[in-house]
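Scroll down for the structure; my scribbles are underneath it.
The first chain written gets the first letter, and so on, giving A, B, C, D, E and F; residue counts start at 1 in each chain.
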Amino acid sequence: MKRLDLIFSERELDAIIKTLEKANVPGYTVMKHATGRGPERVVTEDMEFTGLGANAHVIVFCEQELIDKMRDNIRDDLSYYGGVAYISEATPL
Amino acid sequence: MEINPILQNVLAPPVLFFLIGAISVLFKSDLEIPAPLPKLFSLYLLLAIGFKGGIEIQKSGFTDQVLPTLSAAILMSLVIPLIGFLILRYKFDVFNSAAIAAAYGSISAVTFISAESFLESQKIAFDGFMVGALALMESPAIIVGLLLVKFAAPKNRPKSRKMHLSAILHESLLNGSVYLLLSSLIVGFLTASSNPSGIAKMEPFTGQLFYGAECFFLLDMGIVAAQRLPRLKNAGSFLIGFAIFMPLFNAFIGVFVARILSLGPGNALLFVVLCASASYLAVPAAMRMTVPEAKSSYYISTTLGLTFPFNIVLGIPIYMSLVNTIIPLSPL
Amino acid sequence: MEINPILQNVLAPPVLFFLIGAISVLFKSDLEIPAPLPKLFSLYLLLAIGFKGGIEIQKSGFTDQVLPTLSAAILMSLVIPLIGFLILRYKFDVFNSAAIAAAYGSISAVTFISAESFLESQKIAFDGFMVGALALMESPAIIVGLLLVKFAAPKNRPKSRKMHLSAILHESLLNGSVYLLLSSLIVGFLTASSNPSGIAKMEPFTGQLFYGAECFFLLDMGIVAAQRLPRLKNAGSFLIGFAIFMPLFNAFIGVFVARILSLGPGNALLFVVLCASASYLAVPAAMRMTVPEAKSSYYISTTLGLTFPFNIVLGIPIYMSLVNTIIPLSPL
Amino acid sequence: MKRLDLIFSERELDAIIKTLEKANVPGYTVMKHATGRGPERVVTEDMEFTGLGANAHVIVFCEQELIDKMRDNIRDDLSYYGGVAYISEATPL
Amino acid sequence: MEINPILQNVLAPPVLFFLIGAISVLFKSDLEIPAPLPKLFSLYLLLAIGFKGGIEIQKSGFTDQVLPTLSAAILMSLVIPLIGFLILRYKFDVFNSAAIAAAYGSISAVTFISAESFLESQKIAFDGFMVGALALMESPAIIVGLLLVKFAAPKNRPKSRKMHLSAILHESLLNGSVYLLLSSLIVGFLTASSNPSGIAKMEPFTGQLFYGAECFFLLDMGIVAAQRLPRLKNAGSFLIGFAIFMPLFNAFIGVFVARILSLGPGNALLFVVLCASASYLAVPAAMRMTVPEAKSSYYISTTLGLTFPFNIVLGIPIYMSLVNTIIPLSPL
Amino acid sequence: MKRLDLIFSERELDAIIKTLEKANVPGYTVMKHATGRGPERVVTEDMEFTGLGANAHVIVFCEQELIDKMRDNIRDDLSYYGGVAYISEATPL
């Protein structure tokens, strides 16, 4: 099994979840209110009141093949709106 | 211009709390108003402004001045982004220029209520229907900004990202803060028409609490603005100049339009403040989604880090003396 | 049934804000009241309802009507889950049937205060001790629900998960919202008995602010309800029918019980609303812990997505006309 | 060293922490307010005001043997109440 | 000492809500006030206390009593940590002793306002300038605590962690809660001097709402305190004794100083309460940063888990009877 | 690529971010309001209102060499103030 970590602006959450659902992932977890900084040195703060929001951190535990299926769509979204995606190994307990 | 009104403006609790917030950042205090508490106050203020505005509009009815003023307000929110865009294009690409210009065409509700508080403390009358102008100026500026992107930069965007008119209207009208303000205005209007006892029951919440909540929110705005200010350094002096010059320029146009409309000094100040203020709620949220090519730090830092504090602290009294100078002049 | 009271009910600020919230979801606005702000208002409403109720009960004392009414209220919250369970068993297993039935036996405090606001706007009197009925109807329904699980489905559960009576009582009486309501009621009662000046000092917070806070919370409830509604599709038409039919059925029983109790029209409406409303706070939280076999989307989506909006918008005026029709009939 | 990721309903947090403490884990971190969706396609939202709460994400850095010790208890809790548990490799800095 | 004032104190809504919170933990109810809602109330209370205090100081002016009282207050917040340090050193190292001692030298604003509520309910007059004493007692205790660490334990710290005076001043004066209280006091003072209409507009927020918000915050404090209490077991009986004995001892010194200052019974009680209360906001936050060697569970659990509840529930009426006994004695 | 997980008191966040920035990390993500327990059995709660705050969980995706560069500084901060740091493997999507 793999673990996929996605970090991107909260405002793109719906689009990313749509991509996950289309690939039929077994599940996912979303943590909002993440802040941070990307390669452009722009700091994302939790300015929720402005409607800009902060980042979302999405974790998906799933098989490699599902990741291969989603790769292009996710890359497309992240390259346009910003954000990062990393894969690591994970074993079910 | 006398120094007195500026000092009087600065010594009002909302402005003092704004300064306290800003100074806390300067002195590296760890004072913090954690999310989502500022959102609570921002939602509350929009709801209360809309609700009270709706009541006022229902009460005053559509007098002679209402329609011309509202039309002029919409016109200003269409024209200002175009002017801003032309200026910004000297230095920035289409995306950034359109996004920043849209912010300056739109309005800041908190600047508006600060101007109302200023007028109340100066005992200058103004009309409730001006909240209608506030509500009507948010969306057109967003639409103009997105149309500028659509028509000025069609080649630079990937196909899949083409903007459709329906998306533009959605962003401009259904943006959370625009929607809450407009719909609260309708609730206020309907309540005043059909359920006047409801007004009295809402009054402690939307009325009496308002000033204190405004102070609390401005405390946070002071913190946020002061955190944003240093980011402007990266943006360059052109943008810093723009963030001060543009509101003054817009105020100047605004005061002449107010004169043509024969607005009284109170309404004239509010009209000028709407022109001069820039949006840091609705527009940035809309631009973040639809024009990700623009750097959010540009449109957020200018509006929130410089234009907003400038208007709150110095702008309002300056605009007042502008109104007092220009409006009484012999007819054009 | 006249159309007038329904329209009048809909045009009150709380219902209008509820609709605004719901419409925002329909139109995909990004209006959001982020957690934990709704919790703030939900805690506040429970505290204020309880506190004011406690004062009223102390003031009115235990009149002739109080004891029979409170007993009848407890009886209803024991009987309704049993009826609901029998109906639901046609389609659902023991776990889901018991959990949903418990929710409908219990009450919704916000529906109750909406009914109070309706009565106030119609200038119909009601008694403060009805809050006692509200407070007393939460726990019995939970107990019945858990006993149904315990006795109707003992074989299906793993041994380690057997429910003990002490756990059942704990869940039903010490659930956060039940506990806050009951204990605020006691605080109100004690304050009114021994410290009357404390009442006046609390009044701006628990009294004056109440209506506005109710509106704000209903704005969020509108959002949540509209988000929940589409989930009902998966639940099937049986459950959708149940979510409308059950409150009407319970209201019908309720109005006859109210008649036997000789309640005035105001108290009768509140009694009927308690019977007709379903819990989305205390019961779901208790069921989530103790009956994880039941799908939370069933009991949450029906109560929050359908029954609650139905009661708020249409139910209350319908029940009022039911009360006005049945109560004055010649004695049974 | 291993990293154990547990995601489950906030309402079961006390039970899970009890299990962790019983196994004498060196420490743990809890992040609340996580939302998500599991294999049953039921979306957990942050409906804190209802008392239902959201999910908790618990991270434990510990030795494999501790994980072996806790496995049965955690599996038991998660299978009854829902939730996921995954293990991955981790090296102390 | 009569039993009556203690019972009267316990039956006031703020104390009752505190007890409700504590009991909810005892009975394992899942009542919770999720973060950051308690922060909202804590920020609000500091802002309102400061603002109202500033107005009162401006109104009353600097009378004869003001300067000696404020000086004595500062003196007490310098002396108490030294005494505390000497006692604590019997059992604890320099770091823990200094951190705990600093907490007891500083003050608890919520204990102070509880004492004000108590005085109001007993119809005993007190002066607004006492808020000045409150504001002035926070920082000196922090400074003494940090100086104790600096001079009593220079060898034990790594070089890079040496504390500079500027850092000490920064922590003691720009700590979020100290800063908000002090600056709100200044805003209140300036508003009262130059913008009296601003006071009336703030009154519903900072005045009318205060008592209810205090109750709500104390509900949370009850929960937090009861969660902290069991941690004290690990701390040992010495610290448990200290957490009860120290406030009583400080109250005793305080009442004699109040007598020398010829304070009236109201002001005397407030002075005594300032001496007897311990900080759980400013000091722990400052110590966490600057003295990480000290166990935060020690200084948090004693102040929040024992001293605070003791003062709120029993301490205030005890101190009142102390004041009533000692102050009227024939001159020293 | 590596994934660095840092968990420590929110109040040290500025110091840690300074260390990250000095090492020129490509980016980082911060999640606040984490609670937990460390080896000393002291439970960190989210007592934000006291100013003590809770823990911050910082995630950094970066090359091993950057981690080597920061190691000493981070260890220094964490050993003084408490907290944990773990490294694991991560592959960009």
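Observations, loosely collected:
Operating definition for what follows: a contact is a pair of C-beta atoms (placed from the backbone, for glycine too) under 8 Å apart; a residue touches a chain by one contact, two chains touch by 3 or more.
All figures in this text were calculated on a predicted structure; none of them were measured in a lab.
Fewest steps needed to get from chain C to chain F, stepping only to touching chains, is 2. Ranking all chains by how far their C-alpha centres lie from the centre of chain C, first place goes to F.
Across the assembly, the mean Cα position most removed from that of chain D is the one of B. Just to note, of A-F and B-C, the chains joined by more C-beta pairs in contact are B-C. Inter-chain spacing, taken between the CA centroids of chain A and chain B, is 33 Å.
One finds 20 Å separating the Cα centroids of chain D and chain F. Residue positions of chain B touching 2 or more other chains, listed in rising order: 30, 34-36, 39-40, 175-176, 204, 208-209, 285. Among all residues of chain A, those that touch two or more other chains are 11, 31, 33, 48, 51, 88-89. Put simply, chain F touches chain D in their complex at residues 4-5, 7, 31, 33-39, 55, 57, 67, 71, 74-75, 84-89.
Looking at the complex, you find that chain D touches chain F at residues 1, 3, 26-33, 59, 61, 88-93.
Those residues of chain C lying in contact with chain D across their complex are 35-36, 38-39, 41-42, 158, 160-161, 175-177, 220, 224, 227, 280-282, 284-285, 288-289, 292, 295-297, 300, 304.
Those residues of chain C that touch chain E in the complex are listed here as 35-36, 39-40, 43-44, 47, 51, 170, 174-176, 179-180, 183-184, 186-187, 190-191, 194-195, 197-198, 201-202, 204-206, 208-209, 285. Taken in their complex, chain A has these residues touching chain B: 9, 11, 33, 42, 45-52, 54, 76, 80-82.
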